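Across the two complexes that follow, chain A remains constant while its partner is chain B and subsequently chain C.
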Partner chain A sequence: MAYRYAAGMFILMMFTALLTACWDKTEMNELALVSMVGVDIDPDSGKKTVYYQIINPLSGTSARGTPGGEQAPVYTYEISGSSFGEIKSTIYKMLPRKLFIAHSKILLVSRRAARQGVRDIVNFIEMQPNGRSSVPMLIIDGPISQVMKTFTPLERVPSDAIDSRLKLLIRNSLLTGKHIKVNDVIERMEKSDTIVLPMIAGTTEKPSSNSGETAADIDANQNNFIIGGGAVFRDYRMVGKLNDAQLVWYHLLNGDRGRHVRRFQVEGKQVSVELRLVRMKRDVYRQSDQPVVRIRLDLELSTTWANEFVPRSRAEVERLESNLNRIIEDESLAFYQMTRERGWDLLRIRDLLRKQTPNHPYIDQAAKNAKVTIEVATRLLRTGSMNQPYEGTG
Partner chain B sequence: MTGRRQNQSIRNDFFEDIQSALGHPPDLVCRSLLVQEEQAVHCVYLESMVDKKTIDDYILKSFTEHTFAEGEAPRSAGSGFLREVSFSDPYEELREHAVKALLAGHCVLTDFARERVCLINVTEPKQRSIDEPKSETTIRGPHEGFTESILTNVGLVRKRIRNPFLRFEKMSVGSQTGTTLLMVYMENLAPDSLVREVRGRLSTIRTDSVLESAYVEEFIQDRIWSPFPTLTNTERPDVMAAQLLDGKVAVMVDGTPSVLLAPMTFFEFFSSPEDYYQRADIATFIRWIRLISLFTAVFVPSLYVAATTFHQELIPTQLLISLSAQREGVPFPAFFEVLLMEVVFEIIREAGLRMPRAVGQALSIVGAIVLGQAAVEAGLISAAIVIVVAITGITNFVVPVYSFGMSQRLLRFSFVLLAGFMGLFGILCGALFLVAHLVSLKSFGVPYMTPASPSKGADWKDVLVRLPRPWLDPNRLPGYIRNLKRKR
Partner chain C sequence: MISRFQFYLLTINYILGTTLFVLIQRLVKQGGQDAWLMPLWAGSFGVLVGLFWILLLRYYPGRSLVQIPLDAWGRPLGTFVSVLYFLFFCILAGWILRNLSDFMNGTIMPETPKSVFHVMFLLVACYTVAQGVETVGRLNQVITPFLFFPFWLVLLLATVNWDWERLQPVFHSDLGAILQYHSFLGFPYMETIALTMLFPLVKQGAGRPFLLGVLTASVSLSMTLFMVIGLLGVERASRLTFPVYTVVQEVSIGEVIVNIHAIISVILLILIFIKLLVLVYGASETLRQVFRPKTRWPHFLALTILLSAMALSIYENPIQNGEWDEKYTFIYDSFFVLLIPFLLLVTTWIKRTFGKRIKRRMS
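Right, the complex of A and B next:
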């Protein structure tokens, strides 16, 4: 029996020779932990520049590190080359540790690189042996070095600051959605769909390069960056930009479920209403050979944050609901018209038609000619704890 | 006159032979007294083994106070503990009997005039009192433990099982020690095949000495090359009684409080007697804790090595940063660090066992503070390693059976080596080998992984979950015991 085991173990050991094992071993203190990657491409020279933001384990970000920010939480390494492959080798001219991007949280792409196309960039991320394509991709509205060299207050590692802000925005607004990762970009682009990625911009032209100075400054708006607007992508290229108001309709019509508070003008009165998508139904039917896409949105409303007007009777609630139904329908249709005029299929009508008629010969044309109807059904479910705001009428 | 001289000569030869057979021991006493005119009775005993008061009060006094008719035995000595050896036996045999009896704590009473030798059991019971076993303490439940005296142990079992079907089969093993073994089982519950198997294995033991039940265990266990024990041992009579009532067989060895129990399955090592002395839900929770502890004790160091040296992408980012910070400036690879600390921990543990109690405590403090804290401060090892080693060390003691804990220690080192060479792949290979080994293992014909493999749904009622007692059939034996009985 013992011989049988020994023979089995020997055979198994022989197989291990085929595996990367001992020589694949890397101690943790030999790794450069990349937290964020930034990519820029000069449109004139075609020179590629990659920024690697490396975590400094000995900063205040870890238990062993010195608290109080005596050391920078991250170091940004900037390396240029004529191709991404070249950069992979030349990075070690400056970087003393093995690049480890498996824990990278954010991919930033400069606006000018996005305008030229991000196909090479996503391929570069995908081809890395320990790379991950499940990281959010953001477009920088402004110089890339400004964002890559900004220390963020409160969350000391900038990638954590962006990641955390994105998560909060997804939950508490309709300014960004869940489908902003590199693999979402690849999936949508390969299906010739359109996608909107969040944009980020620095708040200071010349950010401080000293983390201690940033930490000591009370003004968090200085030396920071802000997420706002959306970059529209088609065929791996940035083709336009959406503002925050348009992003709300984009995310709502794409089924994102964040709670978003927006002020509406109803019967001459201003009212702030929190919207939340409960259900979205999209179907297609034909009306005299023209495809008609019907989108039905069931929204939950809340006037918790309304301090201008609070409906006090059932009649007022019903009137508010029907008015909001109409306003939201109009505004979302206007948004659709805008995207249609620019040739952006942001409502993914092409994808919907393709699912229904996979062998349609002129699917692009059919998507352009499709009629879109939007029905909105709102229900005011929460009115908040105050039924009569203080009005100061004596 | 000639007869007297002849008797005198036999007597001298007899005593000299006994003395030389025992190597002229200092505690050998020979007392002679005249019973009638010329009739001398000689009482020989080993002073260190007998109760002298019994000899004085019941044996010698009876000779001095009474005279006996021809052929009459000293009645007051009590016929119950008197064994007479006839002079008609061959002399060699007579001497051998006498030597054996002396070593067993008998006194040898010779009456050469009447040509007879009496062997009287006057053993002084030299044994410690019944204490709670130190390695198997419980909060609730009986606190009695076995002692080194096999008769006391038998009494402790009989106290719990007052049943005529309780059987004790006596054997003697060890050509030099002549140790008494008792095979104990319930005749109405234990399967015949199991009893035959245990009896058969015990009868094949060929050894010069048996000083502890572990000697016997090594002879009768199913497989030598396995880290897992196929028998368990206990010092608790309540545990032994419970196991006998489950149809198992026990082997008691004279001179040791550890009693062997067979057969044993893998999952039975996770149950403790205390499980049955408290509520079912609490017992179930604690069993799960023990199971988790097993995996922690065996796999945590190896997973740490694999994750930190091969698969850093598996570690959450914040934890990775923290671990990375701890490793800054540490000169050794994580694999070597773990191996070093595990070996040091084993050394401290072993030293702690051998040290006198007062020094042992100081040693553990030195081990913990100096080797842990100071090594981290000096940058020789990372703090996480100390945590890993401490966790594995503590969880190792959670399993109720000490011998099973020992096997976990061996496995832990094997997995650390595999993880150091091949990462998670190595751990997986090792785990597969371990599973293959476990399912191929048998304990006295019972598959070791019962009831998981072969799977028996009905037998899970007292394995990972202990169902409340009213839900369990009081007459139901474990599934594998029922199987053995059915095969008969």
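Right, the complex of A and C next:
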């Protein structure tokens, strides 16, 4: 019996040699954890350059006060090649650890690469078994190496800084929307839709390459980058740019729900009102054989930030609401006209027609000729801590 | 003997087995946003085929699929047909083992040699099967809640990325193309013939739990497809190799629930293991019932060697697998699943009719 037991134990122990971890073991200290990826393509030679920003595991509180001083939170590796696949092999000429991109948070693409087309880039990301296409994609307005080699104050890892800023912008403004990830790009482009991705630019021409210097400088505008503007994409190519004012209407008309504060001129008075989309309804009906797209926006208003003017009575509230309804309708329609003139279907009219009138024989033509009406209904639902601003005695 | 409920669960898990990660992409490609309808009609076909087998098996109570040819066609021809079934089960087992190693190599274990997965799974499967059908049934019963709840939980967590618009326009795909996709009838529904090896071992009859299992698995597949389309959209789901895996891979709730795809990997591995158990059981029982060996372990050892070799050589890459599946699965499976049972049924009818007449004349 004891002999059989020993034989059984021996066989079991022999099986441990077959444990698969022997081939695919992953030790944390053998990995290069990529936090951010930057991609650039030379339009003339087609040469691809990839920037991997890799987290330095030694940076952090434990490394402070060491003889070498404070360490950089990330290191940027720059590598070029004729294809992205080739770069996967040649990166090890410089990188001493196994590249691990599953945790990367941000993808940055240079403007010239975006103009040329990002299809190769998204295909490469989507094909990687451990690549994640659920990361935001931003377009760099300016030299890519500058942004990839900029340390950020406050949030020490640049990818965390961008990720955090995007989340705050999505919640507190209409300058960025939720649909900015690589998978959103793929989905929209495959449906022949358009998409607008946020843009990022450096604030300093020659940022400091010393993280300690950045951390010690009081001026946060130095050695930093700023998110602003939007890159319009159609068929995987960047075809134009929106400014911040246009981005507000784009995101509002696409159903984003950030709380955006904007100053309006109402009856000769300036008033800063916070807008938030509560509900959006888009439907299609036919009018003399032409499709008419009706977009209805229900907006919540807040005067929390209206230090210039707060309505005093119900009549004033109603007047403010009706004035804002008209202004927002006019500006939204003006935005739509601008996009139509440029041939950008930013309101995704084609997609709407495809879903609601799938039997239409000429969807593309119908989308171009569709009449768009926008109805806005605002409701003042929130006020600040004062029911009237101080007016002084003068 | 196993209970009807155990057999019902076994049928569901057998059908879901490899289907969840081999077929989803192809179904979405074929059916577009209405692909979730496909398992419903294919499941109806599965039920019809099931009824056909039940009809045959009712003529031979207590006999398994490989014993019926021996009874109907005599020892030499019956043995030949039974050996054909043995090879059919082996090929299916090799196929799913290869699907398994492809999945592991393509996702979380790219470096591990394929044979390691094959041999490790086969060793455990042979050990389980050697313990008898009760062990297979109980193991599946115990493990099913650990598959069902985590699977739907991770899919529900993924609904943060849900968009109803991805399913529109509804009922607007080419229904003809959906109905023409015959390979879906072959894999997985016609492959359920391996489960008929367990029919005589189910207490109080296996017919009803089998048919209910086919229906439940079809509804589960339909719901999974519905969720995959709503979460990824037709454009991505029809191109990604493992859409269910990607759905879970992209779950990100706050900074806490991220990278939870290991859960789905484990679920898929266990589902495949259950399918493998049924097929190994089918193959080993065929050998036992036809050749009646005194000791069984040499057969299990031989099966391990045969199946691991078959898994390695059955196809070279998933592209070949896809092409075979689309072009030939239905025809190939039809031979074992429709033609042979049909011939057996005809033989049985003829024998019974003529047998009665001869008896009458004799009397």
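A few remarks follow.
Quick note on the criterion: the second predicted complex is superposed on the first by the 362 of 394 C-alpha atoms of A that agree within 3 Å, B and C clash if a C-alpha of one lies under 4 Å from a C-alpha of the other, contacts with A are read in each partner's own complex, and residues count from 1 in each chain.
Note that in this section a residue touches a chain if its C-beta (ideal position, glycine included) is under 8 Å from a C-beta of that chain, and two chains touch if they have at least 3 such contacts.
As the structure is a prediction and not an experimental result, all values here were calculated from the model.
Touch criterion met: A:Leu33 reaches chain B, while chain C stays clear of it.
Shared-chain residue A:Ser145: touches no atom of chain B or chain C.
Contact with neither chain B nor chain C is seen for A:Ser173 once the two complexes are overlaid on the shared chain. By the touch criterion defined above, A:Arg354 reaches chain C but does not reach chain B. Contact with chain B, but none with chain C, is seen for A:Lys105 once the two complexes are overlaid on the shared chain.
After overlaying the two complexes on the shared chain, residue contacts for A:Asp24 are found with chain B and with chain C alike.
By the touch criterion defined above, A:Gln53 lies against neither chain B nor chain C after alignment on the C-alpha atoms of chain A.
Of the two partner chains placed by superposition, only chain B is touched by A:Leu12; chain C is not.
One of chain B and chain C touches more residues of chain A, and that partner is B.
Comparing which residues of chain A touch chain B with which touch chain C, the overlap comprises 24, 102-103, 132.
Those residues of chain A whose C-beta lies close enough to touch chain B in the complex are 1-2, 5, 8-9, 12, 16, 19, 21-22, 24-29, 31, 33, 35, 55, 57-58, 61-65, 100, 102-103, 105, 130, 132.
Listing the residues of chain C that touch chain A in their complex gives 106-113, 116-117, 119-120, 123, 161, 165, 168-169, 172, 232-233, 235-236, 239-240, 249-250, 252, 259. Looking at the complex, you find that chain A touches chain C at residues 15, 18, 20, 23-24, 102-103, 126, 129, 132-134, 183, 186-187, 190-191, 351, 354-356, 358.
Within the complex, the chain B residues that touch chain A are 223, 225, 308-310, 312-313, 317, 320-330, 333-335, 383, 421-423, 425-426, 429, 433, 437.
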